[in-house]
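In structure tokens below, several structures.
There are two complexes below, and they share chain A, which is joined by chain B in the first and by chain C in the second.
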Partner chain A sequence: MAKRLLLLAACFLIMLPLSGCWDQIELEQRGFVIGVAIDEGKMPEDEGKKGAKQSFRVTFQEVIPAGLRQTSQSGGSLAGDSYFNITLEGRTMLSVIAKMSSMTSRTPFFEHLKLVIISEKVASTKYGFANVLDYFLRNNDARRSVAVMVAKGEAKSVLDTLPQGEKTPVMFVQSISKNQDSYRMVPETRIGDVHEYLLKKESFVVQKVNTKGNYISLIGAAVMDGMDNNLVGTLNETETEGYNFLHEGIKGGVLEILIGDNLVAFKVERVDRKIKAVTEDLARIRFEIELNVEGSMLEAFERKDYLKDATINELEEKVTDSIKQLVEQTISKTQKELKKDVLGLGTHLKEQHPKVWDRVSNNWDTGDNYFASSQIVVTAEVGLRRIGSVNNTEERGE
Partner chain B sequence: MRKRIYLSQQNTRSKDEANEKDHKPLSKQLQQNVDYIHYRLHSPGDLITKEIELGESGLSCVIMNLDGMIDKTIVHQQLMKPMIAFGSQLDAESLADPERIVKRLKDEVLPTEEVLSIYRMDDALYAILSGDTCLFLNGTGHALVIGTKGWLRRSIEEPQTESTIRGPKDGFTEDIRTNSSLIRRRIKDSDLRMDSHLIGSRGRREVMVAYMQDIVNPKLVDEVKKRLLSIQIDDVEGSGYIEQWISDSFLSPFPQILNTERPDRFAASLLQGRVGLLVDGTPFQLVMPISISDAFKSPEDYYQHWLLSSLIRALRYISTFVATFLPGFYIALAEYHHGMIPSNIAFSIASAREGVPFPVFIEAMLMEATLEILREAGVRLPKPIGQTIGIVGGLVIGEAAVSAGLVSPVMVIVVAVTAIASFTLPSYSFGIVTRILRFFIMMLASVLGLFGVILGFLIICIHLVNLKSFGLPYLTPISPLFLSDWKDLILRAPVTFIRKRPEMLQTEDKNRLND
Partner chain C sequence: MGMRSWEYGDERIGQKEMVLTTSSLMIGVGILTLPRTIAQATNASDGWLSILLAGGAAIFIAWLLARLSTRFRNRTFLEYTSEVASRPVAYVVGGLFAFYFLIFCAYITRSVAEMSKQYLFDRTPLEVISLCFMLIVIYAVSGSRTGLVRLTVLFLPFVFITTIVFLLLSINLFEVDKLLPLFHSDWKTILEGSQKSIFSFLGFEALLFYNSLSRKPEKTPKTAVISVLISVLLYVMIYVFTIAVFSNEVTRNIMYPTLELAREVSVPGEFFERLESLFLMFWVMSIFTTSAIALDVSIQSLRFFTKIDKKKLLYVLGPIIYLISMSPQNIVQLSNLGTLISYLGMLTAIAIPVLLLVYVKLREAIGHG
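Our next item is the complex of A and B:
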């Protein structure tokens, strides 16, 4: 009996090493891919396979850990490069990655992927945007926090820039996208959020990245169609500002307004949005958007006593006007030009007026496009919280 | 004189027929008794046999004791001097009645209170062997034993293993009398019981079962005594023998009996309703029963402000987890779950491991094994050399191994943090457990990854739930749950809030307050 038990125990013990260790890889044998840029490929159409029309040129950015190390010796450049790019062509992501693993010394590893950049061209083909992201959504390697961006022009060029202050271009772009003070760009779009929008068939905006020589900027936004999953247009700098006001996405930003003949800078600190929908007439649904803006005045070239009620009121009015102007630009762009609801008004109907939504959902921003025919009225309420540490700016002596 | 000891000899095992023979009564013939003792002890060089003639006509008597075991000034001042003075007063008439002389010696003459009559050979032998002096008189069937124990003792010093900052600095010594006095000085209560037993057929070591009669659960005392008397060994050298003989499970790495060098901890345990064992010849005394929560308690906790104690105790829990699981966790992450490490840390670990020729598991095993070797060497070597070993080892392993590229700096950090964390447990014997379990977890992690670590944790939990210490489940008060004992578990409530004795000990007297 004891012998038999011992045998059984030995069997169990042997089972551990036999079944274990199957997916063991040392950390330093992984090739950490942190960024992927997807451009249109130039492969000829394959006659044999139906549907094999499209091809992609994919650029991977992989870190070289040794190059990332903080070197204690003087002259940090001795450590060598901290990343390398590799560009390959193929018809599906998986085939490109398979090609790649035959060309790099380390197995590509996507669990630390940070950024996927898709070129405008690829994104604007029908379903193109969603198709490209399909691999990254299906494969559970990549996190749902991977940032997605649309590149103006060639996506690869973003990964080719020389980073300033960061170790790799991807880290550089990523840290820009996290800056909160700028409202000339939309908040970070994560692949998980994109997936949600795609499933809900809602239109949405994606961060846009522009390269100019060695400079990268994230100004503007790309508008995506929720139905066809492709890029339908872009918002420029001021339209993005308006979008941010409407979407509560703002965490800081500056409005320049004229008081008298001089500029005064108003720093926006908080925006609250309230939407009310009047749904009596489906063809002309009326949305009343109330923006509650708070901020402070931190720079004033006009000499005035900013503690006086009259001055404060004037300032608040001017800011209100300028916000309204911004917002209306955005609304006219999205509603009249792009005819895509990226402002979340459809979501509001869905949540607050489900019965109405049932009737309009199929033709919200497609087909009959109830969104385009709706009426959007914006009112803004501005509160000046602080005027800075200077109380009284002397009047300019004439 | 310790009367109780002589009466409680039933628990010393008869080791052979010689012992049976020793039950024979003392002879009336002086020379026979002396000869017999010389025969039994084989006339060793340190056996002093001093013959005195009492009075002029001479009633011969013999004093026997072992040189080195006795206090010579006591023998001189309290035995020889009064006896000689007494002898010179005696006339022939009184010399004819030796029994009366013995009675007068015992009651009037000898100025020491430690005098006792014995009637058997084995008692005489034991008295001599344990440092007392035997006085045989011709013509009487019994002898007098005079307490003259006096050997060199270590003075009371600060405990070596459980040091505190604010606590009392006295520690137990090897001498059981000193130790029992340390407890008596702390608990001046008539209900403090210290029952002596002689354990070991040859060593005949005194072991005192200490408890508070009106507090402790009587079943517990019975159980401890029952187990103590079941010890069948010739000698219990140190309390570790007793601990291993009477603990519940010999397979478990977890100590089921607490050993302590601190009288304050011992006394506090008695007042909580535990039973303590004072063992002669060792400064480590035993306390039982215990649960795992006692591993994290230090007497210091009660001397300091409750906020500080609570935080430090919480820290001990955390560092115990670190000491047990950190290397295994690191192995699992670095060998299997690279995606679970935050990106920047993953990159820096990868860059640090660049060029290290071993897999993480081998690297970790190498480092941990080296650390254990260093630790063992440091303990065994004489103190001044031990420190050198520490410096050399630290330098060699910390610097040279890294710069030679054999080991990554991250691994050195992991091993160092682990080693330091394992020292935060106040009790050394619990610290050993983390060292054993760490290797177990490391092996599981290297084979099965994080799944293995979790599996290891579950195995440990299952084992702990099953373990008992003298009937007390080892995980109390967590499971089974005693909510009122949580006041003194991870956090220590202010002293005024701890009004009850630990509920888990099922004491007779549950209240600590005087109302």
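Our next item is the complex of A and C:
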């Protein structure tokens, strides 16, 4: 009998820890942060701590799960119902998040973080870019696939725009950034890739986001210095296009060329890049970049018989010229003006010519800048594969 | 009333069980951090050479150990030692093994708790996580030894399958360019890398303690080679994937590259998120068998000294393991403990058995001469 009682007591005792799950947070109590925008703060300099010069104004976008679930049946939910923004100031991300927990009803939770937007100003400060990303890399809630962008002007304004066709501004920006066709922006920048560039001390480009009133565009790219980890310049529309040809960028793009007096639009479908480096003379390393471009003609204002070899050849030649022109612009910008190797040529040396790289790596795009003094020659091989479903749309009379 | 326990028909194990038990003691917490330590020592992807080199050495030593163990003829390792090399020697060896596997078990308990705290239980106190883990390990060890072996046979294939599935799922992030340049590290750094990977291979000495259960002890040398080979292949695969996904520079900065690799995996459609919890679950199972086998070996060594009942010994050892596992104050001290164990492991798992084998051989040679 005594043994049975003991067993019964043990059973009850075992039930005690059941209620003691430390990590239990109900789903309703979690605040899902999906986007973070980081601007420069205006906190006065901390006298006590010497390093604490910078402060940040951080905007979080949290989703309201109930707002997301609403379907169009209930009269269509307003975009404002599915998210809210909250802006706070602090010197470190963690302190800002701690402040935030005391101001919102839900515990901030970064598992579903999709996007980190950093203002140009913060990104331009020395090491500022790496500093603000440290928390998101170190914290193991957020994934390494979080997208990173640099905002022209205020980062917060991106999170304040009205999303079109999506529930929240973050989802809106993110779905733009994933568009495969847009050749005027660089491919999505993952925080994991940024981490890699920062550790390799390699210069790189980040997606740039611009706001104009309620409109958002991701045209252009921000160029980051690999040594000081700060923003050193931007690529404009055409330079970005050239960058996409040179680097394994977005596949696809449109080139407008003149045939006769009229425009013809060539759609790029595939770009293969081959690099050869001639490294006899370190002061003048020669890179031969061979681009193999394939695509089709999808719009033509010039009436011509496009089923003729000669016409196709003429088109291909024109496209080749136009690619060369584009690429030259990008090269002159990155090599002569910014003097930062975002084209991955240093990486090519490192992977294919490690012995050469060992000698130049410390002065690649800083100091002696072997990159700036190198010679980059681009050749393009264009293949026009298709002309669409019709030969001509009208018969033009002379 | 008393606890009724299951009795197996025979307390013997076959070659398959031996292979899995030995691999299981090797595959534990080591590989979770191994890519980082090797990447720190070597250039680009050259670390796989280090793993191969250390693995080759481990295979050779395991084979030597297995050769030694074929001589036991159903005696335990320590009984055999005392017969060939006198009882005092056996006492010293037994004491060393008991101590080594005890702190080995403590180290693993702490490591798995640290890892779980970082990835799974944010707020649960570390002390509680380790305690829970240890209680289960003790429960597993208190039963039949063949039962433990059979549990390993049940668990380990799942660990292999999940690891391979996760590696395959990460193939869209695999960039061959990141593996380049090949063979750019000099031999010194490769050797340094192998030295660091030795700890992840320690564990093959389990052969010495499980061979007495084997149905066909004469086949153990082959078994030894296969079981080390399994872990060599697994480690090389994981290493190459982490480098190709993260690059060398990133790998050396990630605390648990193997787990982070699992976190990178996403199935298209975003329907299944947090797949890494699945990976962690199976990996914790693997670590569980590792520490259970380690504790079992420690108990076996102690039983050579005293005929005290196994369960009573566990009552004494449990708190000791727990205290040792709680003694490192931070992640750096924990890794120092790991280094200490790896040196101790080289002494107990490699030096002692090899010396014993040499001694036996010499004596035979003299005896014949």
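By our rule, the second predicted complex is superposed on the first by the 369 of 398 C-alpha atoms of A that agree within 3 Å, B and C clash if a C-alpha of one lies under 4 Å from a C-alpha of the other, contacts with A are read in each partner's own complex, and residues count from 1 in each chain.
In this text, a contact is a pair of C-beta atoms (placed from the backbone, for glycine too) under 8 Å apart; a residue touches a chain by one contact, two chains touch by 3 or more.
Here the structure is a predicted model, which is why all the values come from computation and not from measurement.
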| item | value |
| --- | --- |
| Partner chain(s) touched by A:D23 [first = chain B, second = chain C, both, neither] | both |
| Chain B versus chain C as contact partner of A:R144, first or second or both or neither | second |
| Chain B versus chain C as contact partner of A:E328, first or second or both or neither | neither |
| First, second, both or neither for A:K114, with chain B first and chain C second | first |
| Partner chain(s) touched by A:E299 [first = chain B, second = chain C, both, neither] | neither |
| Partner, of chain C and chain B, that touches more residues belonging to chain A | B |
| Doubly contacted chain A residues - partners chain C and chain B | 21, 23, 111, 143 |
| Touch list for chain C against partner chain A, complex | 1, 43-44, 118-125, 128, 177, 180-181, 184, 246-247, 249-250, 253, 260, 263-264, 266, 274 |
| Residues of chain A touching chain B in the complex | 16-17, 20-21, 23-28, 30, 32, 34, 63, 65-69, 109, 111-112, 114, 141, 143 |
| Touching residues on chain B, where the partner in the complex is chain A | 334-336, 338-339, 341, 343, 346-354, 356, 359-360, 444, 446-449, 452 |
| Residue numbers on chain A that touch chain C, as the complex places them | 3, 21-23, 111, 140, 143-145, 192, 195-196, 199-200, 347, 350-352, 354 |
